[in-house]
Amino acid sequence: MNEMVKNTGLFALVALLIVITGVMQSWNTALLILNMGLISAIMALGVNLQWGFAGLFNVGVMGFVALGGLAAVLVSMPPTQGAWAAGGFGVIAGLVMGAVTIVLAVLAYSRMPKGNMRVLVMLVILIGGFFLYRSVFDPAVEAIEAINPASSGNIGGLGLPVLMAWPVGGLLAAGAAWIIGKTALGLRSDYLAIATLGIAEIIIAVLKNEDWLARGVKNVVGLPRPVPLEVDLQRDPEFVERAASFGMDAVTASTIYVKLEYAALFTVVLVILLWMAQKALKSPWGRMMRAIRDNEVAAEAMGKDVTRRHLQIFVLGSAICGIAGAMMTTLDGQLTPGTYQPLRFTFLVWVMVIVGGSGNNFGAVLGGLLIWLLWVQVEPIGLWLMSTLTSGMSDGALKSHLMDSAAHMRLFTMGLILLLVLRFSPRGLIPEK
Amino acid sequence: MDLLNAIITLTNFVIVPAIAYGSQLALGALGVTLIYGILRFSNFAHGDTMAFGTMVTILFTWLFQSWGISLGVFPTALLALPFGIAGCALFVLLTDRAVYRFYREQKAKPVILVIVSMGVMFIMNGVVRFIIGPDDHAFGDGERFIISARTFRALTGLEEGLAIRTSTGITVITAVIVVALLFWFLNKTRTGKSMRAYSDNEDLALLSGINPEKVVMVTWIIVAALATVAGTLYGLDKSFKAFTYFQLLLPIFASAIVGGLGSPVGAIAGGFVIAFSEVTITYAWKKVLVYALPDGMGPDGLVQLLSTDYKFAVSFIILLVVLLFRPTGLFKGKSV
Amino acid sequence: MSNGNPYQDDRGNKDRSITNPAGQGSQMPRSKSGKVTAAPGGPFLIGEAMTGGYGKGPDILHDCTIAVDRGEIAVIVGPNGAGKSTAMKAVFGMLDVRSGRVLLDGEDITALTPQDRVVKGMGFVPQTSNIFTSMTVEENLEMGAFIRSDDFRDTMAQVYDLFPILKEKRYQAAGELSGGQRQQVAVGRALMTKPKVLMLDEPTAGVSPIVMDELFDRIIEVARTGIPILMVEQNARQALEIADKGYVLVQGRNAFTDTGKALMADPEVRKSFLGG
C-alpha cells in the first residue's frame, strides 16, 4: 500500500509540475508538454517492453519513430495528382525487383554447394539485380519528383483519415523490426544494439533523401488533423461565445481546446497500451519472458525458443515506438526528417526508461512524462540561471557566450539525471516488482 | 595515357580520401576496442570524447594563433595536440573517478556500464556545446596542399590532377606513428602486457599481482590520446562540429566490430574496410570509366552506386555481411 | 534476479556488440588486506579449523584443517562436492573464513587478500582459466613474475628446464597448446614468483591418462626442488601414491587424514573412495 501511495505521489508530482507550468508560463505550454509527454511515455513503454521485459538493447528508437511519422504521411496525405501514373508503379516494380534480387541471392547461397561458383553466382545476381533495379527505379523516381516539385514532387499518400496512420505506423515499424531482429538476433551471438543503431541512421537517410517518398528534407507540411483547426474554431460563433463565457479570448481558447482534444486522444492510446502491457506482463507469456530474461539457459532447457520470443518482443516494442512516432507527426502536422536526432529520439527515451524504472510499465510512463517535462523546462531554467549568474557581469563576450550556451544545459542535465538515478536509485523511480 | 589518367582520377578521388578517412576511423575504433577489451563495454561516449579532445586542441590552437605562434607549413593544431590530449585525458580520468569507478567496485555488469556511458555521452555532449557551441569550426592553417592538382598536372603533363592535401599527409603519418607506438606499448612494455593480461583473464591478472586500477587508468589515458588524435585529424581533414563527431559513433563501432571487437589489429583493418567501401560505393565512377574504357564505351550516367547520403548504410551493410559470415569479426577478438 | 544487486542484473542481455563476455572477473573479493600477526610453530602452511562459505551463502566448510610441511606433497581428495577445491580456496583467501585461521611460515595470514598471499609466497594454479590464452608462453611466464622487480631470467630458465616443451613453444600463444602443455604453462606461471608453497587445483582435470602421468612426474620434480605442494585431485589413487600426506574430505569435513600410503592401505578409504 505504501508503494501505491509513493507511486501515486510521483505521478501527482508530475501533474503538479505541469500545472505550475500552466500557471507560471502558459496553459498552452503546459498542454504542449503534456501532449509530447504522453507520446514520450508511449515510446518509453515500447523500449521498456524490450529492455525491461527481455533485456534487448534497442538503440534505434529514432528509426522506428521516424517510420511512424512516414506512415502518417503515406496514409493521410492526398495522393499527388498523376504521380502514380508517372512513376508510382515503376517505383513499386523497382522495389519488388530489389527485394527479389536479395531473395534470389539468399536462395543461391543456401541452395548451392560451397565454392567459388556459389560466390560467382551470388555476385552476378546481386550486381545484375542492382543495375536492373536502378534502371527501373531511377526513371520512375525522376518522373515523380518532376511533378510540381515546389509543393509536392512525391508520391503522396492514400488520403485516408490520419488516425488510421497510427496503427499503420506501428505495422511499418514492426515490419522493419522483424527484418532487423531476424538478422541480428539470428546471428550466432546477439548483435542487436549495433544493428538498431545502424538501421535507425539508414531509415533517417532514406527519409531525408528519397524525395519521391516524403519530399526528403523539403518536409511534408499540412498533414490532415484528427481535430478541428484553430482558425475554424475561431470562426465558429458558438465556440467564441462559449470561450467568452469562460472569460477567454477566442484565439487562446481555440489553441487550448485543440490541445486538450489531442491530449484526450493520446491518453486513450496510452491507457490502452499500458493496459495491454500490464496484461502481457502478468500473462503466462510475460512470465515466460521474464523467466527467459532471468535465466536463459534454464528457459532454453525447458524447451523455450528464446530467439523467437526475443524476436516477438522486439517487434512488439518497436511497433509501439512506431505508433508513438505516427502520433507525434500527427501532433506536429508535419514530417521533418531533418529533426530526427538520436540524442533526442533514442537516448532520451532510454533516460526515460531508466529513470522511470526499467521493467515497470508505470515507471516507463512516469519517466516519459517527467523527463520530457524536464527536457523542455531545463532550457528556460538554464537561461534564468545564467542570467542570474551573469547579472553581476559586465556585458561582453563571456556573458553573451554564457547566455547563448544556456540552451545546451539540457543535454548536460539529462546526463546528470541519468547518472544520479543509476547511482543512487539504480532500479529507477518505480522499481520492478 | 588514358589508363594513367583513370588511375590518377581513381587515386585522387577514391584511394587518397579513403586512406585518410580509414586512418581516422581506425584510430577511433582502436579507442573503442581498448575500452571493450579492458573495461568490457562499448563506450557510447567515444564520439564525444573525440569531440572533447578536439575541442581542447582547437582552443589551444586559437590561443597559439593569438600569440602568433605557428608551425609554418604545418597546421598549428599539431602543436596544440599534446595539450588537447592532456586535457582530454584529465577529463576522462575525472569521469572515471567520479562515475565509472563506483560501478567497478560494485562489479557491475558491462551492460550497466553501457547505460552509464550514455549518461556520460549526454554530459560530454552538453559540455562541448556549452564551451565551443554547436557550430562548424575549421581550424586548419598552414600550407593547404603537399601537392596541388595544378602542380601535378604541370609536373606530369597529364590531363587529370592528383591533389594531396597537407591534412591527408599528416593524417596518414600521424596514424602510422600512433599505431606503431600503441603496438610497441602493448606488446613490448610491462604495463602494456599487463593490460593485455587483464583483458585476457581478469582473475588470473589479479592473482599475478596486476593492479586493475592502474590498468584501467592507463587504458583511459591511451583512449583519450587516441580519441583526441583521431578527432583532431578528422577535424583538420573536414571540420569540427560536435554533432558530426557524435555521429561518427556508428562507422567507428562498425569498424571495431567488423575487425573483431577487442582486437587492435582488427580495429585498424575494420577502419580501412569501412572507409574504402564507403568511398568506393558512394563515388561517381563515370570519369574513371570514361578514361579506362575504349572510346565511346563510357557510361552516360554517373555510375554512382549509392548517393553519398547513404554512407552510413554502407558501413552497416558491410558490418552485417561480415557478421553473417564471420560472427567474430575479421580478426578474432580478445587480444587487446 | 530482481532482489539481488541491481548492478549485477543485466536482464539476460548478451549483446556482443556492446558488452564483452570474455575474460571477466569472478566475484573474487577485492577488499583491503588486514593485519598479519606472528604465529610461530606448527606446519609450514596450515588452514586450521576453517569454517566458511562464499559471501553471505551457507557454510561449505566445517572445521576443516589442511596442512603441508616443507618438502612434502599434500593431497586433498574426496567425492564430488566434498568441498575439496573450496578448502584450497579457503587456504588461499578466496572464501570468507568465519572461524579458524591460516598460517604460513610462522605468520597468521587469515586477513590477507589472495593477491597479498601471492606476495607472501603462495603460488596458486586455478583449475580453469589458469593461463592467458592470447599471450605467448613466455609472456605468460613474465606475467607470473609481475610482482617481482628483480631479474627473473634465472627463474624462467629454471621453469624451461623443468618444462622443456615450453621453451620450444615459448613464442606461441598459450591458447594454441594442448591441454597438458597448458597445465605446464599454468604451473610455470605460478612458479615464476618463486613461491614458498605451490597450490594446484585439480591440475590433471580433463587430460588424457598418459598426459596425467607425465604431469604427476613434473609435479614430483617441482616438489624435489624443495617447494611444498598442496594439491586437490580428482584421481585419488594416483594422487595418493605420490602424496606424503593425504586429506579425505566429505561434505566439507575432514574424514580421514594420514600419509598417502596409509590412506591407500586403509580398507575403509579404499572401499568408499578408491573403488575397492
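Residue numbering begins at 1 within each chain, and the chains themselves are lettered A, B and C in the order written.
One rule holds for everything that comes next: contacts are C-beta pairs under 8 Å (C-beta built on N, C-alpha and C of every residue); 3 or more make two chains touch, one makes a residue touch a chain.
Just so it is clear, the model here is predicted, and its values are computed rather than measured.
Q: Using mean Cα positions as chain centres, tell me which chain lies farthest from chain C.
A: A
Q: Select the chain whose centre, defined as the mean of its C-alpha atoms, is least distant from the mean of all protein C-alpha atoms.
A: Of all chains shown, the one whose C-alpha centre lies nearest the global C-alpha mean is B.
Q: Select, from B-C and A-C, the pair of chains that is joined by more C-beta pairs in contact.
A: So, comparing the two chain pairs, more contacts are at B-C.
Q: Where the centres are mean C-alpha positions, what is the separation of chain A from chain B, in Å?
A: Centre-to-centre distance between chain A and chain B: 30 Å.
Q: How many angstrom lie between the CA centroids of chain B and chain C, rounded to a whole number?
A: Inter-chain centre distance comes to 44 Å.
Q: Need the CA-centroid distance for the pair chain A / chain C, whole Å please.
A: It comes to 55 Å between the two C-alpha centres.
Q: Two or more other chains in contact with one residue: find those residues in chain B.
A: Each of 42, 111-112, 114, 253, 257 in chain B touches at least two other chains.
Q: Could you tell me which residues belong to chain C and also touch two or more other chains?
A: 7, 10-11, 13, 15-18
Q: What are the residues of chain A that contact at least two other chains?
A: Chain A, residues with two or more chain partners: 55, 57, 189, 191, 193-195, 426.
Q: Where on chain A is chain C touching in the complex?
A: That would be residues 51-52, 54-57, 189-195, 292-296, 358-359, 426-427, 431-433 of chain A.
Q: Over in the complex, which chain C residues touch chain B? Could you list them?
A: 5, 7-11, 13, 15-20, 22-28, 30, 114-115, 118-119, 124, 126, 129-135, 139, 142-144, 146-147, 189, 193
Q: Sort out for me which residues of chain B touch chain A in the complex.
A: Interface residues on the chain B side: 42, 44, 99, 102, 111-112, 114-116, 118-127, 129-131, 133-134, 243, 246-247, 249-250, 253-254, 257, 305, 307, 309-310, 312-313, 315-316, 319-320, 323-324, 327.
Q: Using the touch definition up top, name the residues of chain B that touch chain C in the complex.
A: 36-37, 40-42, 103, 105-112, 114, 190, 193-194, 196-210, 212, 253, 257, 261-262, 333-335
Q: Enumerate the contact residues on chain A facing chain B in the complex.
A: 55, 57, 59, 130, 183, 187-189, 191, 193-195, 197-199, 201-202, 205, 208-209, 341-343, 347, 350-351, 354, 404-405, 408-416, 418-419, 422-423, 426
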